[in-house]
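Every chain is named by a letter (A, B and C) in the order it is written, and numbering of its residues begins at 1.
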């Protein structure tokens, strides 16, 4: 469990440091979940367009767009649960970072805006994580085609956010969530995420169900699971249960 | 119209009796819709893990997992509308039963929890009915990966439930729904459900629309429909309209 | 920017006039968005079944069903943003017209009903625009299989509507929306809509992301976008920004 600072503008250095932090935390067995939050007022205001306005669409620009796309994929594909904590405005590319997280907690002060079309751009890399993963295509149409800025409660109803709290209750909500996450089997999280990717890529119908039966039996055959379920009915806690007692604000700055 | 008791734990005997009840009601022309409700406080608390803890993942376990998966498919694929009535907690495999229903009515006291990951398991068989059928993959991620327990109103907003009422208003709500369901053409229900399965399995685009045009013209060519539409504009009620006057609590226990 | 009267019943003449209006507005560079609204109390009460009851399912009926299906496709596929303004009841085929729009604004007095099954029919042509484009299959099941009539707020939560306002605030809301729409690059709107169609038709996974990277770089390479982004960081407004100062009620009747 740790905390990566989302920063304000996605420039090549920040994208690179987020990649490195996520890669390191993913491989660290001691890390049970990953928290993305900003140390500033805004969660993330999108791509830093300096590289673009300075150098055009040459190799540098291509590289940063690709690195951003891969960052979203790394968040989504991470074997651990990635939590996004949103306490202020999120815009453009920042919405993609939030959308790629598995769990999104927001304060009342959060807002979401995809206003690329004002500048003639489109939120191309963001859309695979919004479309189908978070909301239907026509809801996305409203957000993107009318450049609407929606508040946290609307985002909660529309699938961009999973919990909304008053700013003063955010740390408490995070600790409550953290306690649940620390009791979850890390192996089950990785298996669930892999299973869902497989399911999303499978054609609708019987095949999906056959795979589901097989996946459950495979997982239930593991000694870790057998022991946990048997122990649970005897009142024992599974081996992977951990207490969650963070002190102070949850935050480690990624340099 | 009838009522199958959902029971508390999905053990082989209950799964089998639900299969039999659904099969019988499906073929009975006098049954216009099927109601799944529990006689206990909980709608359904998931699979009974006794077979698993006792016998491991041998043939018996395989059989019950497959029977459960086929139960969800039978509910979803049933030619009649299946209504789930939820008045208390629903957990794990019970969420699959609710999710597979066509219409879900809940009381304020209902809650929904997919906490398999605590025990190292994943809700594999449930997910095809949640994912895309009820909510996007990232909303499901929150429920499953953080083992969140959500209340009836949240479930209403997130697609697990279609109506929420105070406990004292449940029978009234059910009767109101029943009155509508008894006026609906049973043949149209079967055709609609078959058409939607076809649509979901079709690639997005023109093909879907061509099939839709064809489906409507085929259905509109039926004598039953011609008579109903013509009669309707003359102020007559279609032949399949039935009154709905149940007495007392809607309930027939499946033994 | 203009306004086509949705009328009450979708008869061949109205469908044809909507086709013509949409075709003309689509090709007119001066039109920045298209507004569909009704001059009557109801937005649209569905297909006029007179042709059907009079002539059965012969060529005339086939023609009107196909023209309706193509109307929805024209709205959805239009290169400009199509806004639906709903101030009263919407039923059956009318729900398809609303669902095919990119942005839907409703007053508190709006209601939505898909009650085809009462007459033995199914809303076949409507479903491709509801299913996946607006809501999951089980939510659609509730609406169609139980013929529920839902109010504007429920429609807002369930993806049929994007904004709900008191009747007296509708013109103000429309002007606020219009101001945003007039600042959006018309080329970006067309590109976004084409990109999303491509994305929806692509298999989930890496391919989607590769296309997204390519789409963004292609668009960012355009001189119009380069100039806009560069100008924006210098405090200039893009060339396509327009003021939106309509006078009186927004309405041009399609004859």
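By our rule, contacts are C-beta pairs under 8 Å (C-beta built on N, C-alpha and C of every residue); 3 or more make two chains touch, one makes a residue touch a chain.
Everything quoted here is computed from the prediction, not taken from an experiment.
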Looking only at residue numbers at the subunit A/subunit B interface, is the share used by both copies over half or under half? Answer same or different.
different
When the CA atoms of subunit B are placed over those of subunit C, what is the turn angle between 0 and 180 degrees, to the nearest 5?
120
Taking the mean of the C-alpha atoms as each chain's centre, how many Å separate subunit A from subunit B?
31
Using the touch rule from the top of the page, what residues of subunit B touch 2 or more other chains?
132, 135, 157, 200
Enumerate the contact residues on subunit B facing subunit A in the complex.
49, 52-53, 56-57, 61-62, 65-66, 69, 72-73, 116-122, 124-125, 127-128, 131-132, 135-142, 144-148, 157, 200-201
The answer for subunit A against subunit B in the complex is residues 81, 99, 101-104, 129, 132-135, 156-157, 159, 162, 177, 180-181, 183-185, 187-189, 191-193, 195-196, 199-200, 203-205, 208-209, 212-213, 215-217, 219-222, 224-226, 228-230, 232-233, 238, 240
